[in-house]
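This report concerns only the one structure given below.
Letters are used for the chains, namely A, B, C and D, taken in the order the chains are written, and counting of residues starts over at 1 for each.
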Amino acid sequence: MSPAGPLPTHHAETSAVARRYAAVRAATEALAQPLSAEDCCVQSMPDASPTKWHLAHTSWFFETFILEAHEPGFRPFDAAFRVLFNSYYQGVGSQHPRPQRGLLTRPSLASVLDYRADVDARMLRLLQQGIPAAELAALLELGLQHEQQHQELILTDIKHLLWCNPLWPAYRSVPAAAESGSAGPSGWQHFEGGLAQIGHAGAGFAFDNELPRHHIYLQPYQLATQLVTNADYLAFMADGGYHDPAHWLADGWDWCRTQQLTHPLYWRQDGQDWSEFTLAGGRPLAPRQPVAHLSYYEADAYARWAGARLPTEGEWESAASVCAAPQGHFADSGVLHPCPAQRAPGQGAGLLQMLGELWEWTQSSYAPYPGFAPAPGAVGEYNGKFMVNQYVLRGGSCATPAGHVRASYRNFFPAAARWQFTGLRLARDER
Amino acid sequence: MSPAGPLPTHHAETSAVARRYAAVRAATEALAQPLSAEDCCVQSMPDASPTKWHLAHTSWFFETFILEAHEPGFRPFDAAFRVLFNSYYQGVGSQHPRPQRGLLTRPSLASVLDYRADVDARMLRLLQQGIPAAELAALLELGLQHEQQHQELILTDIKHLLWCNPLWPAYRSVPAAAESGSAGPSGWQHFEGGLAQIGHAGAGFAFDNELPRHHIYLQPYQLATQLVTNADYLAFMADGGYHDPAHWLADGWDWCRTQQLTHPLYWRQDGQDWSEFTLAGGRPLAPRQPVAHLSYYEADAYARWAGARLPTEGEWESAASVCAAPQGHFADSGVLHPCPAQRAPGQGAGLLQMLGELWEWTQSSYAPYPGFAPAPGAVGEYNGKFMVNQYVLRGGSCATPAGHVRASYRNFFPAAARWQFTGLRLARDER
Amino acid sequence: MSPAGPLPTHHAETSAVARRYAAVRAATEALAQPLSAEDCCVQSMPDASPTKWHLAHTSWFFETFILEAHEPGFRPFDAAFRVLFNSYYQGVGSQHPRPQRGLLTRPSLASVLDYRADVDARMLRLLQQGIPAAELAALLELGLQHEQQHQELILTDIKHLLWCNPLWPAYRSVPAAAESGSAGPSGWQHFEGGLAQIGHAGAGFAFDNELPRHHIYLQPYQLATQLVTNADYLAFMADGGYHDPAHWLADGWDWCRTQQLTHPLYWRQDGQDWSEFTLAGGRPLAPRQPVAHLSYYEADAYARWAGARLPTEGEWESAASVCAAPQGHFADSGVLHPCPAQRAPGQGAGLLQMLGELWEWTQSSYAPYPGFAPAPGAVGEYNGKFMVNQYVLRGGSCATPAGHVRASYRNFFPAAARWQFTGLRLARDER
Amino acid sequence: MSPAGPLPTHHAETSAVARRYAAVRAATEALAQPLSAEDCCVQSMPDASPTKWHLAHTSWFFETFILEAHEPGFRPFDAAFRVLFNSYYQGVGSQHPRPQRGLLTRPSLASVLDYRADVDARMLRLLQQGIPAAELAALLELGLQHEQQHQELILTDIKHLLWCNPLWPAYRSVPAAAESGSAGPSGWQHFEGGLAQIGHAGAGFAFDNELPRHHIYLQPYQLATQLVTNADYLAFMADGGYHDPAHWLADGWDWCRTQQLTHPLYWRQDGQDWSEFTLAGGRPLAPRQPVAHLSYYEADAYARWAGARLPTEGEWESAASVCAAPQGHFADSGVLHPCPAQRAPGQGAGLLQMLGELWEWTQSSYAPYPGFAPAPGAVGEYNGKFMVNQYVLRGGSCATPAGHVRASYRNFFPAAARWQFTGLRLARDER
């Protein structure tokens, strides 16, 4: 969490803060709106959480880290929720085990929505008292950014759950659209390298893991101007990509063989035809769309097969810093943000699809930046304790909320994870 | 399924059949009535199924085995349900994997209730045509008995699910009752043994596994007049029962140590006090109640510790054949049958709590009776293919529907199963 | 262990006892003679034990249960061995974990042979003192019978280990022999059933699990006159036996699918030809030999496919009691007993291959006979504590030592076990 | 494998090459000399290999990568060995499964030593033909470096095996020595950071993963002058280090709790006293010795507890480049190299114990250097395909052969690995 960006204390600005709080919270509930109570309750795998849990946990965050410390005469909405909806904060106490989140049929969805309403009323009352000190302001912004992260997770987790159902039901239906996707073949963009700086800069919000901004040294490199497409990936598969160990990291090959994988998650073959599960249900595979839901292992194998490699996060961020705004296409036609991003073509560098399209795997393991210091107290567990056996992804996805995408943002997942909106941009050394 | 007991074909009797059909089906829905859609959807472990699945599968049974063969112009309610709600009938085709039953948030509970209503309307129309041939009559009765089995499973499975919730929510609340349970100490009842007959006799319904009736030879033996109580079991625990391998079967000891067990399922210790989870929520452990939810391993260990043994199913049935009616007490105060059994003291033999109290573990593995022949076709998979690595339980439980308890009934579960309403009656050799 | 058969106390007879002791012990070492120290040390799976462990454990049995109690001034050969070579006797104390027996490169094979020599010298000294009281005599015989059981296990366990080696090395080479096996097609032998007696009778040794002799009641039945052959089994496979769930118990089908099995253990297909691993190395599959190394699941599936069933142990023993002597052929040509059994055709009943050919699966789970009482003290753990989730096998095998085969003998293994010398005789109900 | 350092082709120099070959090969066999055939055969866990396998695989490397390509009229010693002793080279063909290496009681140790002698004779014949072209020379050096890596693995793997034995037998006995270890408290050494270069430089041998040499940018940092000691680590334990999640990475905490760890591998507590298993057997824990056999998780947890962190590999190498020679003490008194290193105090920088003491965990995940290119052909699998989910260790250990330690050397293991000779040097940011 950044020390940058304390909220203002004037009344007019307080009111803007309250409006932002209300808007972010409402966006979360809008995501749950197409879902039944049953949909919101079930957990499809230990890595994914029920929507109801996301709805409750994000409220728990405000109640535990803000109301408990700042609300006069604080009393919890329900004392049991402190344990039930704690994700992993050891500093707050024990947690309901993650793989058992889906067993909580009680409290009901209706009760959790009541919980949200109660927390919102108390938060708005607190905000209207006009006393956001710097620390509170920073915590509030952290809570909202946290809520936005869970907005994306609601979509990734519900997508996995609905895909598990052999009926492939839709999260919501959307009007059929002409295939968009890349307009033409991808090219290579050259970068000089040398001394560069990465990490968050400026006054806006950033998570603690994006700091401090620091120097790195880059060799000359190239990045592909577009993401790898479904058609590209089908060529890899047709060339025996899933059956030749020469393309794979040793761990990846073991993973691929043990699970007997032959295609990306969410793909299905019927005769000669491939279809793909999206939040709008099944659809024929669109060849010009970027390939999505790859693991690090698959992304790396494709890159080796293609004579390329994954970018490092330093290369990516250094290149991305000239891309001003999200741009792109709908990798999942079922994703409709409450406030859909205006995605303009990226400026500079000739790179397309850098922001807000698919999370791009980098070859960088998730590690602290030099001088990294987690925040004091329980919120210090937000990022730092996950810095092992995970790989950094950059750029945001079509499921990332507008305003939550930036070049310095470091997402991270284990190498085998496939249920996020992940994709692949190739890199290569200057020749 | 017994060839005995074809349903009558006269109109008056047809109408009685229809009334019975409607009553059994309604009883199932009454069991689901206290539950939310969320409660009905979640699966707490691979061995347990969601209530919604039970509601659908019992309808699938009628639709697949009766309507599909006998309804003019049969069209399935939903073609996908043939796979989704097939439990294990390979003869019908493939099945949705058992451990993934809880992932089916769609069809919704409301849709499943529509499915039930549709099947019921079609079944009643068929029955009113007055044409139940002998085969159909037998299948109808099998379907109703099958439905009653799932009525008990709804209670056992929902009990497990609610227990997994750290809040220990109640399935339904009941007025507090004075502890009933055994009135005094248990004694021993002597039986002469010799040549005996077991297996279903008479005109009523029986499952195929209760047939044919046949001779066995019994040595003289004794049965305890009452079930082992919670107080008895606490004495075993206080004597180090869970910590001394001398009492345990070798497999049971491994199981006990691997899971680090120290008490029965659904018990919890707070300081010095024990409480027990029931369908009415938590309650202080009632010492005179029969101990419930034991595994075979625990039942056997207790018996060895007590210098006794488990009865064989032949001993049990031979003794039970003089007990005319269910009797007993509420082992789980949350169980309230739509048609609660009148439980009178057992006649003859001095044995109490033989029927409708708790399923009693026997030392008999589940095996075919001599001359056993499964029914032809897919319904032949009902019982026979499970005859390995399971142990027979006798007597029915407080969760067994009235009219579904009889002395020849053979229930069966693996030795480690604890979530059924299982209990323990001691036996010993004549000395 | 039987109370029958105390050893005599006269000097002449003591000397006979000593000779028998020496002969049994020498036979064990002869089995290890073709093996290197490396062969003797490695454990191929948790269910199998290293030869070195068998050599040591059988000595531990004499040292712990006889010398420790009866030897004046007893001092253990090595105090650490009390734990290292205890198999499962909780009454003696803790045990080295079974799956880690193969990690004991120390003590060396040479040290274990020294241990054997030391125990033998002390045992013979004790025996020559002419004081075998009844209890000691019974323990001595139990120790020798125990040693003979481990002689068979040495062969089954080393067979598994050598098979794991892709080179399929031979335990020992034998001259090629013409295929023996069944002379003609198997027939059916009829048995009347009725009241019968099973269990050990007479003055000879028996394990406690063979007692007490007791009445049973049998329905009329039939047994196949010969074991199922490799050719028979190939027909089952050719008919899709491993791919049709209709033939399998539900548990067996899961086991078969999970392990992706398509043929018996120790078989291998090269093109169209099947070969079989034996203790003499690989050899072409001999069609007229009895099929060996089946699990209970496979035996049961074959029987269902063939329209038959497995016999019960009561049926088997009742029929076998008229077969006087082992007879048969070499199911594994690498098995050469130090004292090969004289295997004459069975008298009576027309049944062939009843004794000393292959252990025959029965459908009877391993349970105590009515009135069963384990021996007091730690040796009481010999049999009784394994009476769950195991199935009884009868008849002995080509790897069973001569003199260790009898009609009342109850061997037992879990339903998935395949590495023993197991085979299959069909049974069916009288029609 | 470095393109640097082709071997000379002149006869005098060829003879030096042959002498080096013979010396390295002899050193491997000397390590096996204290072991029995049994010791050499058994595999204690999937991550460790039997000594016999190391002896064979290192010979396989020369036979497959040199003799097969360069020996006139090449014929393999045994065609089966191509599969049996292939470690992971998919380009060479299939491999005997790693977890089953310990099942190979055949070929015997004697046969494997014959294999070694045969390969050595053929290699020396080839070398004496004076034709080592550049490619051959590079492969030869790679083979020798590879052999030296396995020399260390022989020691780490046999240490694990002998530790598994409850008798804690010694690999070899050594005269008792006064405890050495650190002479005084550790201090902090300051480094300025800035632009630096890492990666192998110069004409000597390096593995491909040490190349290319390249620039990095370092922030100012500090390194501890000595390794963390057993006494230091006991203080962490006494402070509840293994029981407080605040010190641990989330993955590390799960690992620690799942395995219920409370102390480093190879430690044992008897009453108040700690002892430690070494290759010379058990010994009382020496407080001033560096703590050894830590996982990454434990090293990281200790560092957090101590208010410090792990160094990056760039920081470590940059600092180490001024340390000229191995120095230090015996972290395992059972390790006696055939040619023990002369370990002088490190020059410059005030850093002690940098080389040849214990492998030091860094926080750097194992990743390719910018511009990394694996060698063509199967040897290209040597390093690159392991670059995921592993962490870099630096500095070599007391078990690393003399001449095999250098500042640019990158060892790598997963975060949970503990059986290597691993230790910990603290780092911290400049304040």
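Methods note: a contact is a pair of C-beta atoms (placed from the backbone, for glycine too) under 8 Å apart; a residue touches a chain by one contact, two chains touch by 3 or more.
Values in this document were obtained by computation on a predicted structure and should not be read as measured data.
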| item | value |
| --- | --- |
| Joint neighbours of chain C and chain B, given as chain labels | none |
| For chain B paired with chain D, centre-to-centre distance based on mean C-alpha positions, whole Å | 60 |
| Chain C-chain D separation of Cα centroids, rounded to whole Å | 47 |
| Gap in Å, rounded to a whole number, between the CA centres of chain D and chain A | 38 |
| Every chain pair meeting the contact rule | A-B, A-D, B-C, C-D |
| Partner chain C, residues of chain D touching it in the complex | 36-42, 44, 80, 83-84, 96, 100, 102-109, 161-162, 164-167, 169 |
| Partner chain B, residues of chain C touching it in the complex | 88, 90-91, 195, 214-219, 221, 245-246, 248-253, 296-297, 300, 309, 363-365, 367-368, 370-371, 385-389, 415, 429 |
